[in-house]
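Take a look at the structure set out below.
Letters A, B and C mark the chains in the order given here, with residues in each chain numbered from 1 onward.
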Amino acid sequence: MIHVEELSVSYGAVRALRNVTMTAPTGKITAVLGTNGAGKTTLLRTISGLVKPTVGTIHCKSTALVGLATDEIARLGIGHVPEGRGVIAEFTIEENLRLGVLASKVNANEGLERQFELFPVLGERRKQYASTLSGGERQMLAMARALIARPQFLLLDEPSLGLAPQVTADMMRMISSLCQHENLTVLLVEQNAKSALRIAHEAVVLHLGSVIASGAAATIGNDSDLRRYYLGMVQ
Amino acid sequence: MGRLLTLRHAYPTSSRLVGTVVLAVLCVAITFTLTALDDSKLAGGAAIAIVIVGLSWLIGWSGQVSLGNSGFMAIGAYVTAIWANHHASTPIIFTLLLATACGAVGGLILALPSTRLRGPYLAGMTLAFSFAVAPLALNFPSLTGGSGGLFLNFLSAPRWFQGLFSGSQALIRANAQWTADVAIVVAAVAFFFMANLIHSSTGRAMRLVRDNDVAAELAGVNLQRTRTLAFAISAAYAGLGGSLLTLLTGSVTPQTYSLPLSILLLTLMVLGGIGTLSGAIIGGLIYSYSDNLVSLINKATGINPTSTFGANLKGIVFGVLLIATMLLAPRGIVGMGRRLTSMIKRPARES
Amino acid sequence: MGSFVTSRFITYLLGGISSGIVIALVALSLVIIWKSTHVLNFAQGAMGMFATFVGMNLVFKGTNYWLCVLLSLAVGLALGGVTERLLIRPLYGKPEINPIVVMVGFLGVLESAIPSIWHTNLLPVPTPFSQIYYQDHGHTILVSPFVIFQVSLALGIMGGVALLFQYTNLGLKMRAAALAPEVSRLLGVRVNRLLTLGWILSSGVGAMAAVIVSSGQSLAATNMDGIFVSAFIAAAVGGLESPVGAITGGLLIGVTESLILGYWSSNMAPLAGVLVLVASLAIRPQGIFTRNSSRRV
């Protein structure tokens, strides 16, 4: 599991996270929700070591993450699909995927084959440049690239951004089934609270950098105040 | 670097004028007490300070990195030498103004291809320009004296000034001091203009272009014109400094104004403090006494100054100084001074 | 055929290509550093000369030429790594001008340190290849066995670098570290190490270029100064991000230089780079130099 304790992060004078404490239980999907600027992306970036907190700790299993370099954290088995996906347009699909597996102990060719099974579209177009892909296909590529190294943890930052509803629904289903089959621990940051809550087990709601609610996904999802004010979910 | 170069107090022009005059008079008075050697060193330092302040303006205030100022110095130098050799009796001020104008024209020409360039491209472009000086000088030897260069008469003191001196070596002392005083006065004028420029609307426009060119354009500032002006002014100052130096040393060759000089200028500017007037003055002083500095190091470490190592020590020392300053104290001496004074002024605010 | 090959123009063209190849090599090394760390290494030529001084001075003492070349290469590689760790690493995240100034300072230090460490030797460095130009019916073609060696070595190095980047895993990681450092870190790639590797590689290439340039002439700290300026212009004209552009630019400048030398005057030859630069700006006034930030999609 991933446990965050009293985490505070500032960008200069701006407090992005205030004393955030939360847990992402092993093998479950935890949704991180809230409006724009709530600090959701900052939370993920801090876990991955891209941002240094002013106070607080982050533990993954029993390892302390704060103070480790980003690439070290990634090699511990924490995959992270960043906001905007980060697919490298100048590389082919295959090159993007290879990049994902090079730092791990997984055999590159086996990894490629497995991802092409999961995402046949990528396999068909493996030699094409990533710039030729549609939004949904890029999301697939970014996921496949994170998964190819067989991580135990997966941080997903707004995967539904810019995707059509049907594509989003397919993708959420896939995340859910992956989580089950691979026993992944998933932290799912989403502004689209509705689709996230459909597959999540637990949920945390952030507002202006603080945790204002956390608990079982169903409970969070049924709270009408939360729905209206913080989750952008219309009645 | 951007954080240092915000506007500090803007004194009214009249008090700036008074301040400059007082400072100049003070410096001239000091020259009376110094030896001829020190006077000539100060003169050189004043000339270099003029070039540094122009470079500081370009890099610090308008945000354009240029390594080509030695080229503009060369333009001023050659124009001065050529003119002085053909028209020996023109008053100094005319020669200086001519060199300044030629420098400015050179700056305009370089600005043509350069103002669209940013960062490293600009630095390389200006470097290439400074490399073009020697080939041009060598290729028109009838004008420039080829590789041997040109010689002209030293700046010599007018009769009335010479009359102030008596005793042994009176003429030498008179000439040395005259050159120092002329250099100081010219530098004072140049610095005065620069101070006014910084606080004027042109100066503000330049800072805006440096920090946020999109905002500047929206505010109605013409980017190209502003940047070109910055180049021209910086080149004018370099031309003036080069002209002054030529009058002081009495010669100019293609090797005088080359890459090592560009590096030295950069070092002195960074050491003093980029974008500050006082930093430029400090840079000039360090130039004046750089040989003293090096011989001090020689004495302290026992290095023989005539060995090849000793001969190259100056270059090594200044290169190392530049690197160290950039890594450890990029705002230079003036920057460190400001940080110290602000730390002393507000100890209570530190949490 | 004979008179075609020895026609003045072709002679100068060939000479220009051979010197252009060396410029292209240095330009390539500048592009490698630029792509990985966004620093323009003004000390590239001087670093290469330092490595060359260490290695090639031993040729005068009788050491085998090839061993000396290898030694120069080794010193070049090491120097690149040390420079990145000590001088460049502390400056990541600071304003872009800082590493430029630091490298200019380093240039100054090296060019003063070299003559103080090694005595000036006016003898040219002996090479195992003859430098006598080929003759054809009494006309001189500006090609000699040494020139053929120069060009072959340079082409070999370029080819090697291209293979490294396009077809190896290491090359893939290096490209990724340059294009998308943050994303690469998230994938576990040791980006910092790869940036150092970029400097090491580039410095090695620069050292080889300096060895090529200095073989057959006397060793002087300033040997690479003019070439650096031309190489920088070549890289810039091609767009600092493009290795192919840099190589093309280098050849272009080499040929221009040779033609100026032949048809105008040897004094004006160093202006070739400036001419090409101004010409390219005239052709594309909006600037060939607009930096395209890598696209993250």
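Criterion: a residue touches a chain if its C-beta (ideal position, glycine included) is under 8 Å from a C-beta of that chain, and two chains touch if they have at least 3 such contacts.
Since the model is a prediction, treat every value here as computed from it, not as a measurement.
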item: Where chain A and chain C overlap in contact partners, by chain label; value: none
item: Greatest separation from chain C - chain, by CA centre; value: A
item: Centre distance in Å when chain A and chain C are each reduced to the mean of their C-alpha atoms; value: 44
item: Whole-Å gap separating chain A and chain B, where each centre is the average of the chain's CA atoms; value: 56
item: Whole-Å separation of chain centres (CA-atom averages), chain B against chain C; value: 32
item: Contact set on chain C toward chain A in their complex; value: 169, 172-173, 175-176, 179-180, 182-191, 294-297
item: Residue numbers on chain B that touch chain C, as the complex places them; value: 1-2, 59, 65, 67, 113, 116-121, 123-125, 127-129, 131-132, 134-136, 138-139, 259-260, 263-264, 266-267, 270, 307-316, 318-323, 326-327, 330
item: Residues of chain A that touch chain C when the two form their complex; value: 48, 50, 69-71, 74-75, 79-80, 82, 84-91, 95, 98-100, 102-104, 108, 130-131, 133, 138, 145-146, 149
item: Chain B partner contacts - residues on chain C that touch it in the complex; value: 34, 39-40, 42, 87, 90-91, 94-98, 100-102, 104-113, 115-117, 119-120, 225-226, 229, 232-233, 236, 240, 265, 267-271, 273-274, 277-278, 281, 285-287, 289, 291
